[in-house]
Amino acid sequence: MRLRNPFGRKPKEFPSHLWTQCPNCGEMLFNKQLARNQSVCTNCGHHFKLGAKERLELLADARSFTETDADMVSSDPLGFVDSKTYPDRIAAAQAKTGHKDAVLTGTATISDIPVVLAVMDFEFMGGSMGSVVGEKLTRAAERALADRAPLVIVAASGGARMQEGTIALMQLAKTVAAVTRLDEAGVPFVSVLTDPTTGGVLASFASLGDIVLAEPGALIGFSGARVTSETIGEKLPKGFQRAEFLLDHGFVDQVVPRAQLKERIAFFLGAFRVAGQDLRWSL
Amino acid sequence: MLERIAGSRRAGPEGNGHLPVDAGLITDTAAYAGERPTAWQAVQTARNIGRPHALDVISRVFDRFQELHGDRGFRDDPAIVAGIAELGGRPVVVVGQQKGASTEENIERNFGMPYPEGYRKAIRCYRLAEKFHLPLVTLVDTPGAYPGPEAEERGQAEAIASSIQVMSRLATPIVVVVLGEGGSGGALALGVGDVVLALENAIYSVISPEGSAAILWRSAAEAERAAQAMKLAGPDLLETGVVDALIKEPAGGAHTDHDATAAAIKTALVAQLERLVRVPVADLLSLRYERFRSFGTVVEPRAGEVAAPPRPWWRRVLGR
Amino acid sequence: MRLRNPFGRKPKEFPSHLWTQCPNCGEMLFNKQLARNQSVCTNCGHHFKLGAKERLELLADARSFTETDADMVSSDPLGFVDSKTYPDRIAAAQAKTGHKDAVLTGTATISDIPVVLAVMDFEFMGGSMGSVVGEKLTRAAERALADRAPLVIVAASGGARMQEGTIALMQLAKTVAAVTRLDEAGVPFVSVLTDPTTGGVLASFASLGDIVLAEPGALIGFSGARVTSETIGEKLPKGFQRAEFLLDHGFVDQVVPRAQLKERIAFFLGAFRVAGQDLRWSL
Amino acid sequence: MLERIAGSRRAGPEGNGHLPVDAGLITDTAAYAGERPTAWQAVQTARNIGRPHALDVISRVFDRFQELHGDRGFRDDPAIVAGIAELGGRPVVVVGQQKGASTEENIERNFGMPYPEGYRKAIRCYRLAEKFHLPLVTLVDTPGAYPGPEAEERGQAEAIASSIQVMSRLATPIVVVVLGEGGSGGALALGVGDVVLALENAIYSVISPEGSAAILWRSAAEAERAAQAMKLAGPDLLETGVVDALIKEPAGGAHTDHDATAAAIKTALVAQLERLVRVPVADLLSLRYERFRSFGTVVEPRAGEVAAPPRPWWRRVLGR
């Protein structure tokens, strides 16, 4: 997080390993306090990006998460090189985040409801979806189908991973096909859109939840704002492609503050409990 | 399941007795020994304004085409054409992205960049195909879905996701032909089929070379390098399995002879559909799932194995 | 048809039993010639309204139409009286049109394809849909289902029939439910919208065709233009609620000139032939 | 089929053992001996701005309501509220038209007049109910669908027709409650159910009294006469079978006591849903078809018979 300092205080008063400035209201926030508040600004409610591990702590019941496919890593199908090689980029992202690719998947309970849970991490190469993300999400959906357990995916992604070329694009079709099988089988899928969810991830599984929730202020859109802005040759309106914009335009069921997210997901999963469970009407 | 598709093989080398299953198709990059065009040549050929676009192909390949308009909710998008036509006397639904052959026509067709309502029109026509048991043919040719603000407002991402979803479970045979540019999710929205073919000089990519260059090299001038790196040209796509076979173009490229190009497309479509309509629909859907399920190259150290690359279409079909 | 005379000629030169003026281009048209041209202006292509019998002649193969429920008439469930009683209005409409209510239904062939065919008549109380129209259309759809024969309905209606109150409104649900059974069974339904198709008829079965065709220039809309105009307090744009407007906005598959209508319907019915017939792919 | 619904009768006068099937309901206009309000009084009461509107009812009848937004295509229409809630501890989907209790709120809610996207949001939620086997409750309260030009552009008629269509085959029990104004096709779009109830002073009509007067008497001032002629008040609707039963309102009308009104609605909903969830879905769909199929009074001289008027709900249910 880059430290801006509009108040003229010297940066050294607020060393970045201790303090973070809110990009929305400018308030200097003590990192420990920010973490205790689920990375939500205590002054204005701005939702900071959340890493995959913190997200799991927020949503899964304590000690309920069992990771699957934890060691799956990407190969380099195209031998892709830009200013770095693709394997080098992966290695750097693994070192930075401590996980192997941009999604963690597994089983868990959410308020005692067994689910298959997947959380993406934007810190890993912008949460981009390549073979590993696509494969892990597909296996997660297939497990949800086999167990008839609801699938919950928390998206955070800049889109498809360019370094895997058209194979990355095919992950859109792969993940959509997998969640479509859940749809046909009547197994619930809750999609949570967090900051940011854009490009190929939004244009595939993330838009197809039975319930689509978004975090306040999250950037959500198909095209990058830069591309869109260049297309029309003017600046975009304030709030464009934010969660609340998508709510107004009918693409999101609810914008849910982080503090209420777990409870809200649990409510919907409770209402959608699959056949044979007690809360349902006996249809 | 494969056995049942392979049934066409048991009928002899001529497949179903009419056309060989690989009629007019290139299924092996060995055909390109030493003479593969560069990625950038492919990009330029695929974008040639004189290239046969969807309606050029439709008028030559199909008979009695009747266009269907509208998404039943907002607008009729001219960047997508859809309708019912006959192929060799039998009805099919055909849906394609439509570029223009001139600036005026490109403005009218929005340069082949659909709005969400275009994809919703496509979905409506897919469902018509399913309801009346008509095979579906889609023609992919777009720089990408339109990235303007109205498209965002009306749900470009939702429309693409839904189109992919509907195609992935549509209970009728689908053959996809990439005619020119297969630009990202906006192309894939028409690209989920039982067989995916491409014209020889077509391209198919996750992002435009210019877009990729701007992000990765921070310079659109590096588009040529990006095109090469992304392996978006026909022979590359055949190698990765993204397309099952290439349709041969006339010597100078498809733009030099629309009739000959269309004839090759027609031969390929008839051969594929004659085969696909014999496959039970439940098997088609399983095979379609497996086709897209298999994309991806991952390594699992604990399992000590690499997931196999997708088997080429040719082998999948004939059980080799 | 009211005779306007912008050219200053004396009306007696063009007696209305012999001549009709085109409301679009002003041309005086000799009635016999107009009838020979399917009531389309020979000068500008304006499509005049067509009575049910003329419509049948246009669409059904010669001598192929067998009318069903020809004698069904309305009762007066509410004892409705405005400036006249409802039975008096019905009697006047019957005398004017020669049929019992606003729709004719039956079986026919269209280019040798057996169909169930229903044509509405705007001259009968504005083509309004009450119990008889609803019942005859429902029976037509049920017969199409039983025979697995395509259903073709040519709409021409100002909406639901006020004189039957809420019972008329219920005909929307009744007819929709009937064509929905065709949809579920995969039996084709082609809806043809002619001048005018508005209100409850457009808001029910007429919008639900597998294929929706419209005649050029036909007025097609949900609300009366007067109501809409009052709602926004300004004049509506030219072409509002016309067939071409609906085509642009995505609600009509094609606008088809009357001369091509039969052939076009036959094309679609041919493509949709139900199971077991020869033109289909063997799926 | 009726036998199977009548199964609740065989369980004794208490129906399913919890609530009598007519709990809190008026099923016979004999209850109104001499004291039926005039049609115009009903119109005015139904339109009273203080009348409990959809969210007033939802907050009192259901627990844990969570609203769902958007049509997944254009906009979230505030004139339609939809969501998931619990009724007596069990989940249902609830969809209603929402009027305002003040001018400001009415402007926000467009006076309860939905746009096409409102009906498309409703359709989306109907399908969610079907998918997850949740009963559907709809709350009707609208002067009509919005008649403005944008609504025409976005297909008001198509949206209403589609909503009626989806409800008519939705494979889950549906109870409709007309809270206030049931204005024409815009109301019917939420009005196709297995049981249709109405508050005592609700109205349901093919056109507004003012609209009818303007057309038939060429004067909106004749609205009172038109209201009378159209038989749009509760007891009339019971007699024509358009509603199956009326829910009793507090003495001064529903606007005098929202809590008591909601309590009566809750009792009625629970009794109806407890009964309907026991009926096999295929039977429900057949009965729903028959319910709407039976509307209409025609005379067939050759057959020499008058089609029977629809049997009142009470008799349909109990087999009397």
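Here the chain labels run A, B, C and D in written order, and each chain numbers its own residues starting at 1.
Criterion: contacts are C-beta pairs under 8 Å (C-beta built on N, C-alpha and C of every residue); 3 or more make two chains touch, one makes a residue touch a chain.
Just so we're clear, the structure is a prediction, and the values are computed from it rather than from any experiment.
Chemist: Please tell me whether B-C or A-B has the greater number of C-beta pairs in contact.
Modeler: A-B
Chemist: Please work out the Cα centroid separation of chain B and chain D, and write it as a whole number of Å.
Modeler: Inter-chain centre distance comes to 48 Å.
Chemist: Could you work out how far the Cα centre of chain A sits from that of chain C, in whole Å?
Modeler: So the centre of chain A lies 52 Å away from the centre of chain C.
Chemist: Using CA atom averages as chain centres, what separation in Å is found between chain B and chain C?
Modeler: 40
Chemist: Using mean CA coordinates as chain centres, what's the gap between chain A and chain B in Å?
Modeler: 30
Chemist: Which positions in chain C touch two or more other chains at once?
Modeler: Within chain C, the residues that touch at least two other chains are 183, 249-251.
Chemist: Indicate the residues of chain D shared as contacts by at least two other chains.
Modeler: In chain D, the residues touching two or more other chains are 72-74, 154-155, 158.
Chemist: Sort out which chains touch which and give me every pair.
Modeler: Here the touching chain pairs work out to A-B, A-D, B-C, B-D, C-D.
Chemist: Spell out the residues on chain C that touch chain D in their complex, using ranges where they run on.
Modeler: Listed in rising order, the residues of chain C that touch chain D are 69, 71-75, 77-78, 80-83, 130-132, 134-135, 138, 160-162, 164-174, 176-181, 183-184, 199-200, 202-208, 221-224, 227-228, 231-232, 236-237, 240-241, 249-251.
Chemist: Which of the residues in chain B end up touching chain C in this complex?
Modeler: These residues of chain B touch chain C: 64, 66-76, 84, 86, 89-92, 117, 121, 128, 131-135, 172-173, 273, 277-278, 281.
Chemist: Within their complex, state which residues of chain D touch chain C.
Modeler: Within the complex, chain D contacts chain C at residues 145-149, 151-158, 160-162, 164-165, 168-169, 184-185, 188, 191-192, 204-207, 211-212, 215-217, 226, 229-232, 237, 240, 242, 288-289, 292-293, 295-302, 306-307, 309.
Chemist: Tell me, which parts of chain C touch chain B in their complex?
Modeler: Residues of chain C touching chain B: 183, 186, 188, 210-211, 247-254, 264, 267-268, 270-272, 275, 279-283.
Chemist: Once bound in the complex, which stretches of chain D touch chain B?
Modeler: The contact residues of chain D facing chain B are 72-74, 116, 120, 154-155, 158-159.
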